Each structure stands twice: as C-alpha cells, then as structure tokens.
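What follows is subunit A paired twice: with subunit B in the first complex and subunit C in the second.
Presenting the complex of A and B:
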C-alpha cells in the first residue's frame, strides 16, 4: 500500500533537496529559513502534487534538527494558501527520528493556521519572493500575494 | 604716624587671613586625598581624565567567588560594573579585570564575562586586560574553558589550546545553522566516539538564538552576542557534554507578554517569580506578536528535558534562578542579570533515551 502510494507521490527530502542545517522562521533571521523553504520548494511541490492528483511526501529525517518555528512557518503558509481541507488529505510527513514534529504539524500548525486563514491574518514576509500559488475558489492562481 | 599704624594693622590682618585661607586649602587637599584613596574593599575602581572628568580606566575585582549557578550575585556585580560605564564609553580607554583571587569559578561565569567583554571590545579603542586565577583548580577550568581563544598575550600572540572545550560566538543578527550543527556533531564524539547529529540540542540552541534575533532592537543588534560554551566533563566515570548558552539582552522576565489581568491575578495569588518563569516555559503566556501559532520555542526546551533527551537544565534570567531538576534550588536573586543564561548537559542516558525513542 505504502509502496503504491510512494510511486504515485511527489517526494521532497529536506536534507537532500533543501538543507542539512535548517534555520529559523523568517529569511531575515538567518539562512535556510521556513519562509524561504516554503517559497522555493514546498509551495511548488504541493502544487505539482495537487495538479497530478498525488500525495506530497515530505521527509524530515537526517537533518541536524529543526526549530518548531521553521516547520510552523513552512507548513503554516501551506495551510494559509490552500486550507486544511485541501492540504490534510494530500500531505504525508515522514519523521521517524523525531515523530513529535509530525504530531506538532498535524495537531497545532494545521489548526492555528486555519484560524489565521479564516481571520485573514496575512503571514509576514521578510524577503522578496517570486510568484507563488494560492487556491482561490478551487482555482490555482499564481502571483505575488503579499 | 597714625596712618602708618593703620596700614600695618591692615597688613597683619590680611596676612592672618591669607594664612587661614592656606590652612583651609591644605585641609581640603588632604580631605581630597583621603576621599580619593583607592579602597581595597571596593569591587570596582575608576580613574578619571583630569580635564574631562570622564571615566577613563576601570579596574574590576573578580573577588573570591565567581560562579553564576551557585552565587549569581558574584557575577552580576562584575557585569553590572561594566554596564554602568557603558554610557560614557566614548572616553573609556582601559578595563582591567582581576581574577587572581578567585577560589570558585564555573563555566557560566566565564561565558557571561566573555560575552560582556565581546560587547565592550566592539567599542572603539577600549583595551581590556586581565589576569588568571591563582587557584590551581580555577586556573585549570579557566584555561580549559575556551575563554582564551578570544584573547591574546601582551605581545599579541594567541594562547595555545590544550582542550576540546570551546566557546563559540554565535551571535550577530542571524542564526548560524551550519556552525552550530557541526559543533554539536563534534562534541558528540566525546560520548559516542564518533561525530554524530543530535537534533534535540540543535533545536534548543536554534530556538533560543532565533528568538533573540527576532526580538532584538535594531540598534542593539550590533553589540548583541550569544555565546555557546561546550565543556566536556567526566564525573564518577560518567561522561557529560555540558552546554552553556549566554544571551546578553533584556532577559525573559522583562520581555514576557503578560496581560494586565494575568499580572493582577498572579499578584493577588502571590505567584513567585520562579513560578512565573516556569509558566513561560509551559506556554502559559502569549507571544509578543499576538499570533496564535507562535510561542512554541521555550516550551520545546522544557519538553526536551521532560522526555529525557537532555539533563540538568538551569536557567538564570533577570533576578531568577530556575533549576528544572531540583526546585529547592530555585531562587530570587537580589540583583538583575541583564540577559539570560541556559545550562544543560547530555550524557549516555540521554543518548540511550533518544535512540530508544527512535526505535519505538
């Protein structure tokens, strides 16, 4: 079952695809931030999976470790742009070394950022980013939103 | 004849007056010498520029105790002495720190002193000098701590390094992910015999640093610095990697976002300051940004202790010492520490707990 799912999924391994030493929440705070990860990789990978009707599997293992704020900002922005309803069934997280992160993302980040989305409290951007996708009325629209 | 006598009387009177003035001047001069005589019992002595009357040289006596975890006051006195003269630093030329009489010392004190010295060394033309403890045990700890990596001899040469301990300057306006990660990997070699990653410690250090980076005022970011000290130790055949993180700033209690109602309730309920600090680690207060998704960093530090991935966690901030493993050691300090100091360790037991967690 898992193998079948894996074959039909877009995969993202943070260590090899992004950084072994992940950083803080915002670009302004340091390199390899959650904000940067979302805008360079996570948004595009999720859109790819969404368009193909596949899962996005994000592998968190084998890095030096994480800040809770890195994961909060990266996956939180995903919720903000696509909603829990869309993200939850499509996103799988592999975190064998630190399963707490998976729990935190599913239990805290999802609900906190869904509230934020519904209240329209826009996320802070500390650097200029190229256009990114957002789902509006079931339509993927790409532009610089903030 | 009468006129001559009158002039003589005036002359004598003036002479007496002159003598009186001279006596008064001598008395004042003597009193000045007495008042400005160096007081051997004073922790800080200063000399001023005779023309500008501004402090030019500072002499700080480290005293006999210099331990942050046992007697935080002993370190705060020295730190505050340096802070007092920070405002007039334009005229400051020399700071001399006397550590020769020290009988007890710890890594926390060494780290905090170095962080403060780093801050002053960024100011133009301030020359900081000092000596080493005469006490053999203190001297060894001082030499092994990594403090001297930042110092030079009077002839400008670097000190030779004899230990694997180090103090890493991780402070500026950005977190240094790779340097921190690789340093942790190296220190793990002491426990496991090979370099390896240890994510819980990476998370803790990065959480603390990123928090400071985010809330530091732009004007203070230049002088801002965090020092990460790593000290390898064997106690009763048990190996420990001790971490000490010093953050010069405002301290946690001075930057907590407590609502008025909470403050009032805690005041009425007579909640102690160590308890307030503990509540901050339990995510009982909101974030300064008022965003619901924030404020997960400090609870993470405590969580890693509760899960057994680290041990001996102690935090000193403002006027509170919080010992997470032995609440009887919690205390309120009479003075304010301008910043936060975290100290924790990892040993084989922590590592086994971490490895076991991954197998489950």
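Presenting the complex of A and C:
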C-alpha cells in the first residue's frame, strides 16, 4: 500500500494503492469489492487524514472503470461511520476521466447514506473484517461494529 | 445633356458596367468565401453527425448483449468508462463548435448507474454472463428510449446550428 503524504493531504490512488480492476459491491460477490476497499484502505486513510487535520484525496482515474455500486458501498460506509458533516469538508475526489462519479458520490451517495446513518440502517457485511473506526461523539473508536 | 464619365461612356452605360462589376464581385465573394465557409461547416457537421451514428451503433450492440443476457460482467465497467469519455469529449467539442445543448451524457449516465448499480450485475459478477430481471429491463427500455431521443434531437440541432467561431469572428 502506498499512501502518498503531502503537506496538506493524504492521497489515495485506487489503481496503484488498491486495484486496477475494481469489483462489485460486496466481498461475497467478487474480488476487490467496495466493501473490501472500505475496510482495507478507505476507513484507515480517512482516519489518518482526520487525525492530522488534512484532506483525504482519492484519485479514481486510470483504473478499468467502476460499478456504481462499488463506489456507493465504499463511500457510503464512510458517511455511515463519520457523517456527511465530517466527511464533506475533508474528502476530495479526483475523477477526470469519468467526472460524473464525483457528482454521483457528492450528490447521491452522501444524501442516501446520511439518511441511512440517521435511521440507523446498518450496512450489510458479507465477510469478517478487522476492527474499523467510527466517530462517536467526536471520538474515534475502533472495534468490530457489525 | 448626358453626364460624361469617360469620354466615350455615358452615365447609363457606366451604371450598367458598375452593375456587372458588382455582380461579378458578389459572385466571386459567394463562390470563394461563403461557399468555402459553408463547405467547411458542412464537413464539420457531417463529422459530428457520423460520430453520433457511431455512438448509436456501438450503444445498440452493447445493449443488445445486455437485453439478451450475453454481456460479460467483467467487461461492462470498462465499456462504460470508454463510452463516458467518448461522449464527454464529443459533447465538449460540439458545444465549443456550435450553439447546441447535447443531453446524451445525462442519459448515458442514467443507463450506466442503472446497469452498474443493479443487484443482478453485482450478484452475477463472477459469472461469464449476466441477465437483468424484467423490472430493471423495463427501466432500461425507458432510459434507452430517452437516450435515442437525445441523440436524434442532437442531429437536428447540429443541422440547424450556426458555427460559433464564425459568429465570434464577426
């Protein structure tokens, strides 16, 4: 895993840090899923940026494309665990090749998953995951939540 | 007494000669400049229209595989990525070149989200091919129709459009 540190941001490039060929929504459905990406990389990277008071920049370009469900599950879980209020000012998306993904994440995923968070509709987990972080009352707590 | 312009040309003849000269100048101007611009604009329009047709053919072939359940799940996202870039570039150039308002990418994105977000594709992701359930197909038919309408409208708009560069050069 290569997370490139710069002065004001933690950078995550999906092609080089995760996979060129991303998969479906859930771990049970196929390799390199959105669920897996969230638990192996996105959650920890966001926490690192949050603790350092930096942005997390996620670069979606140069892969073989995405299923919208991969992005929905990965970034949706981030909203569920940290809230739109915390994620929105700290997360930047680079998607020059398919700019509509950025729009979809910011417009649809954010609002859908914030509603889920407020209604406590827990995300489905289809594999065992090690402890991951959630922000509860402004405190980062790590455990196996589901 | 007739006004003498040249020693041997009367005013009426001078007007006739001037009329001929103006007619020739206008004819040359039309022939050289207007026709050249028209031909150039027409060629550019033909290019955009043929690219539109190419996208339509490519799209129809792809969706035929989706409808019949022959499409490979692993190839769907790359196809959508390539098509997204193609349509985005096409529309960007078209907007710069002509006063048109293409809506293909909007419909294309709806199709992309519907298929790549479907439970059917995700659940059959490891399979050699996947098939959509009837409710998803029904939604796809509707957006596919809207996409085709957007493409057809665009051809009409291109044909009616004036060239941006010629307008801004005036």
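In this text, the second predicted complex is superposed on the first by the 139 of 146 C-alpha atoms of A that agree within 3 Å, B and C clash if a C-alpha of one lies under 4 Å from a C-alpha of the other, contacts with A are read in each partner's own complex, and residues count from 1 in each chain.
In this section, contacts are C-beta pairs under 8 Å (C-beta built on N, C-alpha and C of every residue); 3 or more make two chains touch, one makes a residue touch a chain.
Because the structure is a prediction, the values reported are computed rather than measured.
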item: Simultaneous placement of subunit C and subunit B on subunit A, clash or fit; value: clash
item: Partner chain(s) touched by A:140 [first = subunit B, second = subunit C, both, neither]; value: neither
item: Subunit B versus subunit C as contact partner of A:118, first or second or both or neither; value: neither
item: First, second, both or neither for A:127, with subunit B first and subunit C second; value: neither
item: Partner chain in contact with A:32 - subunit B first, subunit C second, else both or neither; value: first
item: Of subunit C and subunit B, partner touching more subunit A residues; value: B
item: Those residues of subunit A which subunit B touches in one complex and subunit C touches in the other; value: 21-26, 29-30, 64-69, 72, 97-98, 100, 104
item: Residue ranges of subunit A touching subunit C (in the complex, touch as defined); value: 21-26, 29-30, 64-69, 72, 97-100, 104
item: Of subunit A, residues touching subunit B in the complex; value: 19-26, 29-32, 63-69, 72, 76, 96-98, 100, 104, 108-109, 112-113, 115-116, 121
item: Parts of subunit C lying in touch with subunit A, wherever the complex brings them together; value: 74, 76-82, 84-85, 88, 105, 109, 112-113, 116-118, 121-123, 125-126
item: Contact set on subunit B toward subunit A in their complex; value: 174-178, 180-181, 184-185, 197-203, 206-207, 209-210, 213-214, 291-294, 296-297, 300, 303, 358
